[in-house]
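To start, the structure itself, in structure tokens.
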Amino acid sequence: MSLAQDMATDAPPLATRVVVAPSRRRWTLLRRVLAQPKGAIGLILVVLYLLLAILGPMLAPQDAFRQNFAQTLRPPSAAHWFGTDQLGRDVFSRVLVGARATLGIGVGGVAVAFLIGVPLGILAAWRRGWVEALLMRAIDIMLSFPDIVFALAVVAILGANTQNVIIAVGVVAVPVFARTARAVTLSILAEPYIEGSAALGASPARIILRHVQPNIAGTLLTLSTLLFASTLLSASGLGFLGLGTQPPYPEWGTMLGESRSYIRSHPYLATFPGLFLAGSALAFNLLGEALRVIYDPTSRRTSRRAPLFAFLRRRSAKPPAGPLDADSADRNAVSVKALRMAFRTRDGLLDVVRGVDLAIRPGRTLALVGESGSGKSTLLRAIGTLANPQEVAITDGAIGIGGESALGLSAVALRELRRRKIGVVFQDAASALNPVLTIGAQLAEAVRAGCGLDDEAVRQRCIDLLKDVRIADPERRLAMYPHQFSGGMKQRIVIAIALAQDPQVLLADEPTSALDVTIQQQILVLLREIQETRGMAMLLVTHDLSLVSRFADDVAVMYAGRIVESGEVATVLERPLHPYALALRASAPGGAESRGQPLRSIPGEPPLVGEFPDGCAFRPRCPRNQGRPECAECEPEPRAIAGRQVACLFAEEGLS
Amino acid sequence: MFVLRRLGGALPTLFAVSLLVFLFVDLIPGDPAQILAGPSASNEEVASIRKFLGLDEPLPTRYGHFIRGIWDPSAATSFRTHRPVVVELAERLPNTLIVSIGGLLIGVALGTLAGIVSAMRPGGLADAAITVLTLAGISMPIYWLGLLCIWLFAVNLGWLPAAGASTPAHFVLPILVIATRPAAMFSRLVAASLTETMGKDYLDTARAKGLSETRVVLAHALRNSLVAAVSVAGVQFGGMLGGSVVTETVFGIPGVGRLLVDAVSRADYPIIQYTILMFAVFFVVINLVTDLLTQWLDPRTREQERPA
Amino acid sequence: MPSLRHSCTAAALAAGISLFSFQAFAEPAGVLRVAVGADPATFDPAFNDLPVGNAVDLAVLEGLFRLDPQNNVQKTLATDSSFSPDGKIFTVKIKTGKTFSNGDPLNAEAVAASFNRMLDEKTGSIYRGLYASLGTVKAVGEDTVEFHMAEPNGHVLMLLASTAASIVDVKAVQRMGAEYGRKPVGSGPYMVERFVGGEGFRLVPNPRYAGDYPATLKAIEFSVVPEDGSRMALMETGAADIVERVPPESIDAINALQDAKVVTPPSMFSINMEMVLRGPLADPRVRKALNMAVDRDGITKGVLGGLGTPSVGMVGPGTQDELRKTFPPIAFDPEGAKKLLAEAGYKPGQLSLSFTCPTGRYIKDVQVCQALAGSFENIGIKATPLVVDRGTWSNVIGMEPDQRKDNMGMVGRATAGMDYTLYRLFYTGVGANRTGYSNPRVDALLKEGRATTDPAKQKQIYGEVQEIIWKDQPFLFLWYQTQAIGVSNRVQGFAVQPNETLVFDKVTVK
């Protein structure tokens, strides 16, 4: 417990959607543990167990060591809640008294493993070279001794008592700590900011103390908790083999081991220590799981997405509206009507897209611009039918792709729609390609989906697609894996996959922000060409206004889940009427020299999802607001002004 | 080539293990001669047995003898049975392998299945049930579970034999009991890494191609998730071989684990030494197989030079 | 002459056969399934140290003599035996015309070879010391074996009746090497058909057997299941007809079965805390106080579940009962014990004692150890039980008294006779005397007793030795273990020897 709190202070701030004020960071870990049912149950149980360890001997109603041969093996009764054991001792009292030794073994074992393993692991990662080779080899050797035999030998050599059991189970767990500490340290040392500190001449000890230690603390805390449980169980295994703690001092594992032949005749004898033991392992496992969810970046998604028992609480979202009216649908490649979307969270639904209307005609490119968190990527995924229904709910409105409704489709119809009409290019080409499959396999999959081409035809089509995206030597490239390509090449391949089925709509989510400037140009030029030659509709999501004027026909500016201004690029960018669009343009004055500048110079922070202000969402940052009561009253609806749609009550002020 | 280089690289480790294990048995309390002679033996009788066992020879001679035993079975005989250690091991290893490999396979299969179910419907009833079951699975001392299973399935229901290893039916309970731990570990591992993978853009790429969700999960997500799982499986398997003693004792299966622990309690040095050496060789081989599997699953690891 | 003797033997044999004619001529029938707790490493009598190995040796091999279930010596291969007047040569006449199960002749030469193999240092037998007094063994003709004794020994029959003295086929040993330990070739009614290490073994009738105990069973199948609960499950599921070592807590469950019950024959295992006679325990008052502090009735009933009988003498029942002497049990008297301690100069809490116990070697040893600690605490002694693994235990028990750091150790003794037990444990300076006990009178008596062949004289000598030991209390005398064996009702004629050897001579199954 104290360990957990110490760690909380050092815990690195983690990027999450719900950011907690820095002054409360001390309690962040605790709150985040308690926020998960697993964590809450685990933590409560762990606290109870630890209290039991501290207070157990005081709580015991009877002398746990007092023998009474006239009262042996009595079943549970009012006098002996858990019955009596082979020596007539009160099992309930023994269980209470045994908490200290049992948990002591767990804590002690983990402490031994931690204190030996972690420094060794960090040392190996820091020194590399022969130190690392030697240490890792030594750990290999340790691992090749079977656990239980190793522990057995340690206890046999040192003698069986609680202290030696702790040493034995601790030493057995050393390799796990050492390996983990080494792996985590290695990855942290490879971070650019650490390399920077080293380059600035910071001493190794300082770097480890300042940077490495806080960053691996979380992982190690998690590991400690999980290992606690397995340590308890290996100690109980030693008890089973007759090498547990010394009698007469009670310890749950030894009690269970000793009473195992009574399972049939006197079931209570093994049941109670067994339940307490399994319960404590369970408690620490639950807590460990909760910590893992918090610290393990790979499982962070789970935490947001999959709270235990969430199914009990999930509110059903309103079913999306029915089919689009026919007249607008047939003309537009993409048609979005009054679309509302919300994140599913533990606290209910948080609006993220709040009534968006959008249309793209075939052969046109619409650029969707806005700051991070404005909901533009969420909108793109919804249009691409790729919004994860477990994360995001479409609560209202309609989406039409090429005249078909994209909502409420069966799985088969949805696949068909995606295959025939939609191509998607993602921001990060590296993660958009499956690292374990060849390019050829991934392309072929896209080509083959839904049509009966033979292998040779599929191959030829793949080669053609690669040629279309200007990849040289396509025949040879098919057999290569994504990691063998450069970033720009990967993005070309992603585009090729998107084009495989001649889609009507190409959705590009910041397709170039991960690439360097010259490559950006090439990719965008390629996209534009392809779009024009194939007559596709393209939705280009970006936060880079400078790209918009050169590669888009129309633009829609998004703020806090709404489109605040939209129209033709020339009209909107020439003279934005919405104060946010104005600010956007001001922060990115256009021209090649400032391309790639992020839009961070607008005063104030964008509002967080779920914390939108009343009335106009831009109100707190708006220069026109000046305390006008109208702005706070209601959300302004888009109006047609000067050849575009603007959602500002005072849009006309931009004209003057 | 890679395999040969790896095996070559393992030789120093194996040499160190052989030296350690040789010195290590002397630390185990209990003089083999004293144990063989029994509590009523006189010092002279113990000394004579010690001489017979060759324990009065100097250390280097004994180590040389130990090393010779690696290729000469007649030089490596059990103190208790006088049969070559290799014969003793050969007799028991199949049982241990059947239980460990069977348990691992079933555990991995069940765990992967449970992990997929969990990851596909996070927060669902199935996920909650699987979470509870797996956590219970790794929180229960295995011998307790084993004895309860014997009680339920053998004594009460009479479906399966209680103990022994003479028929295939005898292996059902131990394999299932052994499988609980890898099943629990794998379901959590696969669920976690699948959930991670499920958020990856390349799955959306695959979905945008118009592939079915099943295909997306099996062809794209699972293979990536298995990369992490395989290395854990390797370590698990090593642990299961060594940890088999408890299950073997509970279910009365004559396996290597029980042989080893019996040997420790009776200070049967040759059995201890060669068994641990064998485990070390297994460990090297398992690591190698894990690496080969990882390389097969994940092409990114193929060309990198890995320190042997 | 030989032919005459032969016919006599044949007549005796015929008489024996007629007694058991039913079994003798009945075809072996039925399969007996036995679940044992210990894992026998070898059946080679020169190395076997487990009761289950004894049981197999008794069924597969024959000795010159054997013990009946009451531990009385009976002739097996021997027809006659006598000492030379000076007691230096012991001559045994054996049956002729016998063969081992592989057809090798079992004649005087084979018998001598079997003994000489065990006595050869190169064999490394764990019994060489025990049998060292036999000296060298010579075959005279086909039917006579002469033991040229290394020292006079009046207990040679007791030694020769042990299964450790069973006759092995030395030629087969040479051919088979260590495999002989698995499938010993002997002349007994059964032979080992199959042995799977750690799993079990199977005995089948020996077609060449000619003797008084012909095989009655088509097969005896042993399975090795060390875990008590699992072994009992075999009995409860009907997968075993006999289970060895029923733990006290399972006795009721098995007795509750319709078709099985637990038999509880006495065991010669005498469980004691053997003291290190130094420091506080050199004082007889302290030793006496310890002996008075223990509630033997309470512990044997409460902890051992009835599987023990409070000691009435150092030597357990069945160890040459004709020489055994018993005494009134030691009364449980903690108040008296406290007084004795005070007399010896120890105030409550002043005396600290530690004692070593094994785990899983004797019935409920760990619990007993705790119970004893409780008993000592009750009379104001600080008691520390040291529960150790088998290796450490054997190390501690085997130490010289002056190296011991603890004060007592729990040891169970089941031995091949009065001379062996008492001489080894109490003769001054003998290697196995780990208490440091020394009493000139006892030394003199033991020496005399060993050389004496006259039973009456032996009885008088050993009676006195037992009395002195009982009074001197170099041990904290505890109890004699009781065996508990689950036997299915379909089994008949099953017997157990006090040394815990299962006897299958007349077993039939329904």
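Brief remarks on what is shown
Labels A, B and C are assigned to the chains in the order they are written; within every chain, residues are numbered from 1.
Going forward, contacts are C-beta pairs under 8 Å (C-beta built on N, C-alpha and C of every residue); 3 or more make two chains touch, one makes a residue touch a chain.
What you are looking at is a predicted structure, and each value in this text was computed from that prediction instead of being measured.
More C-beta pairs touch across one of A-C and A-B than the other; that pair is A-B. With centres computed from CA atoms alone, B is the chain lying nearest the middle of all the protein shown.
With every chain reduced to the mean of its CA atoms, the largest distance from chain A is reached by C. The distance from the centre of chain B to the centre of chain C, with each centre set as the mean of the Cα atoms, comes to 39 Å.
Computed centre separation for the pair chain A/chain C is 68 angstrom, with centres defined by C-alpha atoms. Computed centre separation for the pair chain A/chain B is 33 angstrom, with centres defined by C-alpha atoms.
Chain A has residues 156, 260, 263-264 in contact with two or more other chains.
Contact of a single residue of chain C with at least two other chains is seen at positions 229, 388-389, 391-392.
For chain B, residues touching at least two other chains, in rising order: 28-29, 147, 151, 155, 249, 264. Contact residues on chain C toward chain A in their complex (touch as defined above): 228-229, 232, 247, 249-250, 252-253, 295, 298-299, 301-303, 359-360, 364, 366-367, 369-371, 373-374, 385-389, 391-392. Across the interface of their complex, chain B is touched by residues 38, 133, 137, 140-141, 143-149, 152-153, 156-157, 229-230, 233, 236-237, 240-241, 253, 256-257, 260, 263-264, 270, 274, 277-279, 281-282, 285-286, 289, 292, 296, 298-299, 301-302, 305-311, 314, 381, 384, 386, 390, 411, 415-416, 418-420, 422-424, 426-428, 431-438, 442, 445-446, 449-450, 481, 483, 494, 497-498, 500-501 of chain A.
For chain B in complex with chain C, the touching residues are 28-31, 34-46, 48-49, 51-53, 77-78, 80-84, 88, 91-92, 95, 147, 150-151, 154-155, 158, 161-166, 249-255, 258-259, 262, 264-267. Every residue of chain C that touches chain B in the complex is listed here, in rising order: 39, 41-42, 44, 47, 49, 121-124, 126, 128-130, 177-179, 181-182, 196-200, 223-227, 229-231, 233-234, 236-237, 239, 388-392, 394-395, 397-398, 411, 413, 415, 420-421, 424-425, 430-432. For chain B in complex with chain A, the residues that touch the partner chain are 12-13, 16-17, 20-21, 24, 27-29, 122-125, 127-128, 131, 135-136, 138-144, 147-148, 151, 155, 188, 191-193, 195-196, 198-202, 204-213, 219-220, 223-224, 227, 235, 238-239, 241-243, 245-246, 249, 257, 260-261, 264, 276, 279-280, 282-284, 287, 297-300, 307.
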